[in-house]
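Here the structure comes first, spelled out in structure tokens, and everything after it is commentary.
Note that the chains take the letters A, B, C and D in the order they are written out, and that residue 1 is the start of every chain.
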Amino acid sequence: MGLNKNQIAQRIAKELQDGFYVNLGIGIPTLVANYIPHGIEVVLQSENGLLGMGPFPIAGHEDADLINAGKQTITTLPGSAFFDSAMSFGMIRAGKVHLTVLGAMEVAENGDIANWKVPGKMVKGMGGAMDLVASAKNIIVAMQHTDKAGNSKLLPACHLPITGLHCVKKVVTDLGVFEITKDGFLCTEHAPDVTIEEIKAKTAGKLTIAADCKIMEVA
Amino acid sequence: MGLNKNQIAQRIAKELQDGFYVNLGIGIPTLVANYIPHGIEVVLQSENGLLGMGPFPIAGHEDADLINAGKQTITTLPGSAFFDSAMSFGMIRAGKVHLTVLGAMEVAENGDIANWKVPGKMVKGMGGAMDLVASAKNIIVAMQHTDKAGNSKLLPACHLPITGLHCVKKVVTDLGVFEITKDGFLCTEHAPDVTIEEIKAKTAGKLTIAADCKIMEVA
Amino acid sequence: MGLNKCVKNAEEAIHDIQDGATIMLGGFGLCGIPENSITALVAKGVKNLTCISNNAGVDDFGIGLMLQTKQVKKMISSYVGENAEFERQLLSGELEVELIPQGTLATRCLMAGYGIPFFPTPAGVGTEVADGKDTVVRNGKTYLIEDAFDAEFAIVKAWKGDTYGNLIFKDTARNFNAPMAMAGKTTIAEVEHLVNIGELNPNEIHVPGIYVHRIFEGSNYEKRIEQLTVRN
Amino acid sequence: MGLNKCVKNAEEAIHDIQDGATIMLGGFGLCGIPENSITALVAKGVKNLTCISNNAGVDDFGIGLMLQTKQVKKMISSYVGENAEFERQLLSGELEVELIPQGTLATRCLMAGYGIPFFPTPAGVGTEVADGKDTVVRNGKTYLIEDAFDAEFAIVKAWKGDTYGNLIFKDTARNFNAPMAMAGKTTIAEVEHLVNIGELNPNEIHVPGIYVHRIFEGSNYEKRIEQLTVRN
């Protein structure tokens, strides 16, 4: 069966460390904020100009001047700071953000990522994705293991237009956790009810199963 | 006799135009602030991070956190804004300052300026002078026409280490007003009691006397 | 007096924007967009504009209004979704679009305001964004060389401003408004609250008035919310 | 907790600064200098420091104190007057000095904080500052290529700060403190008023805490005035 989106987010949340500044992309990455482990503090960076993104506002308290990078109304938290878009990408480029989580259409076994453009479809733009992937020290991709047609999204090389080169450190999919190593994808965890055989069948890129590959712990 | 320092400053103040943002260097340039013509408004930029430099404080009201580029205690004015040193030189580099007035040891007939270093003497540094002369659109030099030994400071070429190339637009000295043209110094005004002969004798660089060269009006 | 940057309204502020002009427009999505100035640009009917703006509005608000009236020749943006008319014009070839990374967009504005004509950024290396651009390697990392923008006009929206043009933004509406305000050869600021000099704390100013050429107090701000999301 | 950047005092803040370190020190003249940290550096007796600071203090205050104790190997500054011991060490060859234009100094800090490894500036073209540097011509104007700083430590002084390291500066004491705070691999901030999170207005923060690694409330600020000038 594999994990649902919330479970993927829950697994990625375990990568958070106390004191991390974190940028969460749109989609599954946003859900990671719901699973921040107890006992640690992290600050969410929204690249439109906020450190310390809080939860959605209570109905009636929304403010058009206070949105996140997905254009959703949000709130601040104690310790928040606002800044402009140039400083926002300045801190991203300078490597001050510890962890970036984003979605992808394809990830290559060398860490290349494609997530902004599908030939033949209306191109909406890369937004901040190219800046994030080119600058972040630690990038985790959250995505489904295969596309709707069942094709693997973990590939020997990206087919779609590239967003960034050699940047992804880890991929968490509905099937498992995959580190990018110099030998390609290293499966370190697999989802409950998902067999290694299924992972092998659905991974087009070079795949190694870790000797201590374990079952993902998700609720 | 020539002009005194206050008269040089007074003459330069006539170059101010309504709405100008102005950077005044240390020495005679600072005195220009005392002669802003009635009926015009200018904003003084202090490159340590202030637009809208006001007068010195009343005794007892000085604030160690509020100084000018000469490290003197100052005040703000209504409409002042503080910023950091990077933005300060950003606005200078971007040409937002309309007029820069600074002192010099030597000015060459092509507009080169030397004002930061004398070989054999302790070098204190260029401070913001190289940024200002390299960026400002309109640079006026305020200085004595000759050095203490009587040598001309308006030269065919600078002998001292250069601060900036081809940047000075006008020089106001105790003897007169000199525009930098492609034909060298053009004397457009001379001080009362100063003869054209004296100016010629004390100007080592190529000098032309304007056909309509007139007597400087100073109090 | 020369330091009073006040103009009566948006119409006067944009009076000299001509057909074919390049205009920066502040805002992120619909957050912090210069609503009054956009309305005035639509009313003026100026054509063939090149608009530098992170987004292109929605069909019936923001830059979308200028797309409806076909005033835009080219958009330079990082993300242009949420706009059917935009898509139609793009597919039909009526509209030219240059997509650039969001951080590159913001930094090209900032650098214009800082008088730095180009800068290296790793964003876009190895992608089609790199096509035709110079690259340079520093400490083993590759960078693209990107140019500062050179725009005749920047139109921004601030929360408060004084008659000298000093600006304070509110919350995430600062976004591109601050760097664009610094980047325009002529910068027009519309503000929710125009105050006299002396009423803003000089420590709290985000963009000093030296960067701002015209300012007016806007009216009837709709401040539309693109994605209303509330807590369960 | 991980986001609480508080340390007890200057001694703890600088505990891991070792002989030979490169340190940025904020301030302009004696305005906004990190007094407590300088005192702690003198007490620790760390040697062979490279100090990046716009000025070098006066004989008996600021970085001058570290010159008296001969802790500084090299100064990178724009202006170093007003200091007899500095002059003596320079002339005797004990002290190395690199003079760079003030705007270049500030921008080399900013660019470090923005992850931009180099930038072009017209400052210093045609002067000895240009020696050995690459130049580039854009639109007929020549620029020097200058590198962003790469400093292990930045030590700055702010007016207010919270436990997350968000900083607010006062008046012209912002100067180099803001860009240096952004530039340090480890940034130490001493503040006059340390407050809890939630006490600073997020719109008024000059340097967000993401750039700051250690913060403490200083004590006994002398805030010496270098040129006391008053109205007649």
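To be clear about the criterion, a contact is a pair of C-beta atoms (placed from the backbone, for glycine too) under 8 Å apart; a residue touches a chain by one contact, two chains touch by 3 or more.
Keep in mind that this is a model prediction, so the values were computed, not measured.
*Asks:* Count the smallest number of chain-to-chain hops linking chain A with chain B, moving only between touching chains.
*Replies:* Steps on the shortest route: 2.
*Asks:* Could you state the distance in Å from the CA-based centre of chain A to that of chain C?
*Replies:* Here the centre of chain C sits 29 Å away from the centre of chain A.
*Asks:* Counting in whole Å, what is the centre-to-centre distance of chain C and chain D, each centre being its mean C-alpha position?
*Replies:* Taking the average C-alpha coordinate of chain C and of chain D, the gap between them is 33 Å.
*Asks:* In whole angstrom, what separates the CA-based centres of chain B and chain C?
*Replies:* Spacing between the chain centres: roughly 36 Å.
*Asks:* Residues of chain A that touch two or more other chains: which are they?
*Replies:* 50, 76, 82-83, 86, 89-90, 92-93, 135
*Asks:* Taking each residue of chain D in turn, which ones touch at least two of the other chains?
*Replies:* Residues 107, 114-116, 121-122, 169-171, 202-203.
*Asks:* Check the chains against each other and report every pair that touches.
*Replies:* After working through each pair, the chains in contact turn out to be A-C, A-D, B-C, B-D, C-D.
*Asks:* Would you pull the chain C residues touching chain A in the complex into a rising list?
*Replies:* 28-32, 54, 77-81, 87, 90-91, 99, 101-107, 109-110, 121-129, 159, 169-179, 206, 223-231
*Asks:* Can you name the residues of chain B that touch chain C in the complex?
*Replies:* 17-21, 40-43, 45, 50-52, 76, 78-83, 86-87, 89-97, 135
*Asks:* Under the stated contact criterion, what part of chain A meets chain C in this complex?
*Replies:* The contact residues of chain A facing chain C are 46-50, 55-59, 61-68, 70-74, 76, 82-86, 88-90, 92-93, 112, 122-131, 134-135, 161-165.
*Asks:* Quick one: which bits of chain C touch chain B in the complex? Just the residue numbers, please.
*Replies:* Touching chain B: residues 1-3, 112-116, 162-164, 166, 182, 196-198, 202-203, 205, 208-211 of chain C.
*Asks:* In the complex formed with chain D, which residues of chain C make contact?
*Replies:* Residues of chain C touching chain D: 107, 114-122, 138-139, 141, 143, 168-171, 202-204.
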